[in-house]
């Protein structure tokens, strides 16, 4: 399964591309997170600290959301839209 | 909260329904222009025109324009660049516009954010809210920019004397 | 209230002092353009440029644009016209800008009002406030338009189906 | 002494011009108001109801402000600047 990366996460992965992660039908978001933590420890650390959210089909996902092969999954670091004027 | 504004808006609603029946595609195109994430700079006069042309009942327009500052958390910033999640970013801005139209006594709202490289002093984000009364326009405009910062998947990288830094903002 | 903003603004202040020494007339002309009562319509992009070009420290700009509505107190309005006290109107707008700069943590403010005949949908009044932080910009912008309505000698005549009516407003 | 008129006051005076009012050096604003009330009753009625303010040299005047021949005096009906959006 392909996992989209954005912002600082791109710079943490050699090549700055999407992640490619093994995935079995019926797995939940938390299973996917465990796989990522094993295969990409730096990304895993941010996931651990809850600084990175997981989105499924462009909505923030819960830990127990069940995934489908057709799902669009992404890792979202803390948002920083706007002009930064507080 | 909005129900008692239905009456004065009835005429505009009727016009809108007519336009929708006459050319549904045109109306959808018009609405899609009110929520955008784009690379290009924008003209405030042009964006204002989109909002005000939707109703002659608008009397007060509140706007927020966010621009690129040369300082950030005590660091000099020479330029910046925004990354966004294409699709989800647009979806969230659309939700913001629709919730603002539902929750505040306003007539129209526009929400626009740029991505890609942006020089100091340039435009980054624009919110325009048109209402009959200015207090409602101000309230909705402030809510939109607060909400945008909370829920929109957009990320900022600043170029500083120490190099490129991804910003973690908690507004 | 503003004192703790002197530090980050020091560089701009220095630039400003340089410009003032180099060409004091130019600075005064620039400032006089930030407070106007005029017959002609205005471009928001042009007015914005005046404000944002005063400092690269501006990150949030709040604006209020008042436009001519087609309804007023239950009456249809086909057009309107503003009378003003030449001299005193400008003086009051200048006081509003200066008090806003003193009382709020903002960097620059522009206050502009039209007089003479104005068609439905046209611009009437514009407030632009540039600040480091958006909450201050919004607060000051709202204060400026509230204060303008209270103290500025400007009067409105509306053309309605019953004829021309001078408006008494208590906002 | 010439008194400037604005807004609805212009339409209450034939010709819509400034008022011309007799004035003796050292009079106060209230004396001037009494003269106006005598000579222009409709304007006087609005002054009575405190709906019209008197300005001297472009500042709102008090009842006991002492006037000078060089002063710029005006009658100001209720202001209605802005776009009327409340």
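A, B, C and D are the chain letters, set down in written order, and residue numbers restart from 1 in every chain.
Definition applied: contacts are C-beta pairs under 8 Å (C-beta built on N, C-alpha and C of every residue); 3 or more make two chains touch, one makes a residue touch a chain.
Note that this is a predicted model, so its numbers are computed, not measured.
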*Shared touching chains for chain A and chain D?*
B, C
*Go ahead and note the Å separation of the Cα centroids belonging to chain B and chain C.*
22
*asked:* Distance between chain A and chain C based on Cα centroids, please, to the nearest Å.
replied: 47
_Cα-centroid distance, chain A relative to chain B, in whole angstrom_ = 27
*When you check chain B against every other chain, which residues touch at least two of them?*
59-60, 66-69, 132, 134, 137, 145
*For chain D, residues that touch 2 or more chains besides their own*: 83-86
*Please categorise the chain-chain contact pattern as a line, ring, star, complete graph or other.*
other
_Output every touching chain pair, sorted by label._
A-B, A-C, B-C, B-D, C-D
_Complex contact set, residues of chain C against chain D_ = 66-69, 72, 82-85, 87-88, 91, 113, 124-125, 145, 148-157, 166-171
_Interfacial residue positions of chain C with respect to chain B in the complex_ = 8, 43-45, 48, 52, 56-71, 120-121, 132, 134, 137-138, 141-142, 145
*Report the residues of chain C in contact with chain A in the complex, numbered from low to high.*
59-60, 131-135, 137
*Given the complex with chain C, which residues does chain A contribute to the contact?*
83-86
_Per the contact definition, I'd like the list of chain D residues that touch chain C in the complex._
4, 6-8, 10-11, 51, 55, 58, 74, 76-86
